[in-house]
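Down below are the structures I want you to see.
Note that subunit A is present in both complexes that follow, paired respectively with subunit B and with subunit C.
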Partner chain A sequence: MFENLVMHLPILIIVIPLFGAFAIYLFGKVSDKARNIFAFILLGVTEFLVLVLGKDIYTNGLRVYTLGATSAEMTTPANYIMPVRIILVVDALSIFMGIITVTIAFLIFIFSLKSMKEYSGTDKYYTLMFLLLAGIIGIEFTGDLFNLFVFLEIATIAGAALVAFFTHKAESAEAAFKYVVIGSLSALLVLFAVALFYGQYDALNIGYLGNVMEHSFLDKIAFGVLLTAFAMKAGSVPMHMWKPDAYGEAPGPVAAMLVTASLASMYALLRVCFTLYGRGLNTEVIGWIIAVLGLLSIFVGVSMALIQNNFGRLIGYTAVAEVGFILLAVGVGFAEFSSTGFGFIALQAGLFHILNDALDLGLLFLVSGAVLHATGKRNLNELGGLARNMKYTCIFFILGLCAVAGLPPMNGFASKLMIYESVYQFNPVFSIIAILASIFMLAVFVKVLYSVFLGPELKEFSSVKEVPASMLLVMGVIAVLIIVIGLCPDIFVNWVINPAARALIDYGIYRGMI
Partner chain B sequence: MNIESSAIFNLPFITVVVLIGIGLYALMFKRNLIKIVIGITLIESGVNLFLISLGYRKGCYAPIYTNAPTTAMVFPIPQALTLTSIVIGFAVTALMLSFAVLIYKNYGTINAVKTRRLKG
Partner chain C sequence: MFGTLETGYGYWSPIIWVITIIVIGIIIYIIWWLGEPTYKKGTEQTKPFLAGMPELSKEAVTVRADNVYWGFKEALKHYYRPMINSHSGVINDYICWFVVVLAIVFIIIWGML
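== the complex of A and B ==
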């Protein structure tokens, strides 16, 4: 009976948030409390299911789920020579991303209970949050390129509407407009690539396409289009300018969720590079391009963050830099493309940094959301002396600061050290620039620490209260995770990251399931 | 209907390139937010036309079973994809236009040069 449930988990984990998105609105008509309990139960169930699926996948290997077939494993219908149905493929990498996404969403939901309470339109807020969650998980679980486009659009629409949450503010609408233009453009580019593939191979399935691809000139164009689309959506230089705008204007919890959304397009980039194309590409050239894009993102992100005076916007620019670190490591991993040596360590480091990025930036955005909740301000020049009244928030901010800047014993240190070591063997200059950027990152956040939390007590903030316990609890949980991962990174690397990295390198397993 | 006589060479694909080109041009060089929205819709139409043109098979019929001739039918995946994409495009366009309305309410203009408080 349990096996029967596990078989259907991939689709359930997408369907439950999707169902919840619209059901929540109805419960919201009854009362806020009913809605919150319902949403809590749904997210709790999703979290439980994703963990069950994760345990199954880490022990038994990947799972496929064919929509509309008589059995979930029947990828190719009888009398057909190729798959025509929508197929979900969940391997170690997908479930790794899935667990991160659902956990962050769960924590953000608990944070939002109090932080979004005073605003109107919270029913729609939760609806959009659940839609965003469904879109992100869909991107991570689908094995079908067209489906990827659909989920990308779902995530874009929900994300853009959430960025414009403060509709009375001009800047929010402006940021949301940029977000939706960039998001829909990148989704349309994906659709264009889908059309190129369909015209040549009559197929949409990633694994099947990987098997039959002839690496023609059109496929190279499709790769360029896909790389552009996903790098744009992940917020890499030169198309990074939407990111600080959107993250800076969205409410704190939304920004934390949008970080996960852009990590999902990073996942899609990995899937396309490794599983769809694999060794058929000139991996060295492409790897160099990705690594250089990453290096530029690190440089631009950090140097632009230094001059910001809006809390959210500043973290948005460091998010650009953090994506740069991931791209750098993944680029090196792709250029080497081996399951041994420093190339594999770089790939592991990149994936490890995805996990740490979601936690660190999530924590920082939640802190900025807490400061906004307590003071109603985001401008660093107007804030000051908050540590007196908000000491726990201040402690969590310091933890997040150390993690993002890569100081031991935080998780950011563990993954960044892996990045420096492996990238140094690839190209020493890259590694040195990355280390320097990390130091700058510390400078950026020390500036924030001083201007927001330290300094003399300001008169208008003398009556500021510490944020409610549930918000502190969420920040505390993330902080504990940050420290635990930082103290014993080897457990996480061996148990979680290693299978995910192997799933990318041994792409034959993913392709062979179709 | 004689399909072979209606040969139009590569005209659909040329149209696709032109549509996407105009759309990208509007995205990059137009200052009016409505024109940027139009640019996105043009790209979308171009991609949809591309999908539909790829779905065309010489001598095959649309998969409509009522009064169908006994010749081969096309496999209707590109048509299904295009329908989905049109619906999604509708939602995205509506959302973009509503943002344009919000921007107009707040700034009093939809000139992208003047609606720029977020920079640096």
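== the complex of A and C ==
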């Protein structure tokens, strides 16, 4: 019975939020309370299921789910030589991303209960949030390229609608328009690459394509398209400009969820580079391209963040820089493509930074949401002295600041130290620039700390009160996770990050399941 | 050891770091405790002396976010001016950057063939 349930978990974890997205709207017609209870139960169940699946995968290895087959593991029908059905493949990397996504979504939902309460249209807000969640998990669990395109589209449309949540503001609509153009362009390019593969091999399955790929001229064109499309969706410089626009206009919880969506694009990039193409490419050249994109993202992201005065937009630029750290580490890992040595540590560091980024940037976006909720403002020039009335929010901001700037003993320091040391062995100049950028990052958030929380009390904020307990609880939980990961980084690296990194390097296991 | 992370080049132990910080904190506290005993909070001692001028209200001298790091931004204006101009906010420009990167990637891939 339990094994039967575990077998169906990959599809259940996608279907529950997808079902919830439509059912929530109906429950909202009954009452807000009924809707919230229903959504809480759905997300709680999804969180439980993703943890159960995680335990199963870390214990027994990769799990495959074939839709419509007599057996979930029957990837190729009888008398067929290749897989034709929709197949979900969940390995240590997919479940690592899945756990991050569902956990962040669950916390954001609890945060939103109070932070979004005063706005109209919350039924649509939760519907879109669930749709976004289903899209992101779909990207992370799918085993074929066409469904990657479909889930990318779902996530893009839901994300764009959420960016435009403040419909009374022209800037929000403009940011959403940019988000949907960039997202659709990326998705269409993925579809173009899918067409190139289908035309040559009559197949769409990632594992199967990896096995039969002849690395033709068209395959290399498809790689260039996929690399650029996913780098743009992840927010790499110089294709990053949509990111501060969208994050600056979206509500805080939506921005935190969009960080997870960006990280899902990073996951897709990893899957294409390591699992689909593997060593069939000139890994050193491609690794250098990715690392240089990462380095540019770090430098431009952090230097542009320094001159921003919109809270959300400023964090948006730092999110560009943080994606740069991941790209830098992953680029070095791909260039070396080894299960030992500094290349493997760089890959581990990149994956570890994905986890830390989701938490650190998530916390900072929630703090910006809390400040907006309490004051109605996001312009740093108009804020000040809030530490007097919002001391817990201020403490959580300082913790997020320390984590994202890579100060010990926070989680961000552990992953960044791994990045610095491994990248130094690849190219010392890259490492030095990354260290200097981290110092810049600290300067950026010290400016925010000073502008928002320190200084004399401003008259207009004398009556401001601390945000409700449920919002503080969510920020507190993320802050505790940041500290725990920072104090015990070895546990997370050995138990969670290492299997995920090995799943990328030992791509034969993923391909062999098809 | 619990909490020790192998970083490839060396290792990182947050536990040792926390213990070190606690020891440093204790030393700082002892130095403070041995400090000037005549200091009285909230008296004339703690007021700034501005060449005999009356002290302005704190609200009047607060530096707003836009002016923080003014000197830094001024020194790097030749870097920031083109950077700000390139972040035009126009979606056409965003797509142009995408096309530029795609072209560069294709050229590099062409060279790999």
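In the analysis below, the second predicted complex is superposed on the first by the 514 of 514 C-alpha atoms of A that agree within 3 Å, B and C clash if a C-alpha of one lies under 4 Å from a C-alpha of the other, contacts with A are read in each partner's own complex, and residues count from 1 in each chain.
The definition used in the following text is that contacts are C-beta pairs under 8 Å (C-beta built on N, C-alpha and C of every residue); 3 or more make two chains touch, one makes a residue touch a chain.
Note that the coordinates shown come from a computational prediction; the quantities given were computed from them, not determined experimentally.
**Q** In the superposed arrangement, which partner chain does A:D245 touch: subunit B (first), subunit C (second), both, or neither?
**A** The answer is both, since A:D245 touches subunit B and subunit C.
**Q** According to the stated criteria, A:L185 is in contact with first (subunit B), second (subunit C), both, or neither; which is it?
**A** both
**Q** Which partner does A:Y424 reach: the first (subunit B), the second (subunit C), both, or neither?
**A** After superposition on chain A, A:Y424 lies in contact with subunit C alone.
**Q** Counting touched residues of subunit A, say whether subunit B or subunit C comes out ahead.
**A** C
**Q** Would you check which partner chain A:E460 touches, where first means subunit B only, second means subunit C only, and both and neither mean what they say?
**A** neither
**Q** Please indicate which partner A:D32 is in contact with in the superposed arrangement: first for subunit B, second for subunit C, both, or neither.
**A** In the superposition, A:D32 contacts neither subunit B nor subunit C.
**Q** Determine, under the contact definition given at the top, whether A:I307 touches first (subunit B), second (subunit C), both, or neither.
**A** After superposition on chain A, A:I307 lies in contact with both partners, subunit B and subunit C.
**Q** After lining up the shared chain so the two structures overlap, which partner does A:P409 touch, if you call subunit B first and subunit C second: first, second, both or neither?
**A** A:P409: touches subunit C, not subunit B.
**Q** Considering only touches as defined above, state whether A:E284 meets subunit B (first), subunit C (second), both or neither.
**A** After superposing on A, A:E284 lies clear of both subunit B and subunit C.
**Q** State whether A:E73 touches subunit B only (first), subunit C only (second), both chains, or neither.
**A** neither
**Q** Just to be sure I follow: which residues of subunit A are touched by subunit B in one complex and then by subunit C in the other one?
**A** 177, 181, 185, 245, 304, 307
**Q** In the complex formed with subunit C, which residues of subunit A make contact?
**A** Answer in residue numbers: 177-178, 181-182, 185, 217, 220-221, 223-225, 227-228, 231-232, 238-239, 241-242, 245, 281-282, 285, 289, 293, 300, 303-304, 306-307, 309, 341-342, 345, 380-381, 383-384, 408-409, 413-414, 417-418, 421-422, 424-425, 443, 447-448, 450-451, 455-456, 458-459, 486-490, 493.
**Q** Can you tell me which positions in subunit B touch subunit A when the two form their complex?
**A** For this pair, the touching residues of subunit B are 20, 27, 33, 36, 40, 43-44, 47, 50-51, 54, 75, 77-78, 81, 84-85, 88, 91-92, 95-96, 99-100, 102-103, 106-107, 115-118, 120.
**Q** Can you name the residues of subunit C that touch subunit A in the complex?
**A** Touching subunit A: residues 2-10, 12, 14-15, 17-18, 57-59, 62, 64-66, 68-69, 72-73, 79-80, 83-84, 86-87, 89, 91, 93-95, 97-98, 100-102, 105-106, 108-109, 112-113 of subunit C.
**Q** For subunit A, which residues are in contact with subunit B within the complex?
**A** 84, 146, 149-150, 153, 156-157, 160-161, 164, 167-171, 173-177, 180-181, 184-185, 187-188, 191-192, 194-195, 198-199, 202, 204, 244-245, 248-249, 304, 307-308, 313
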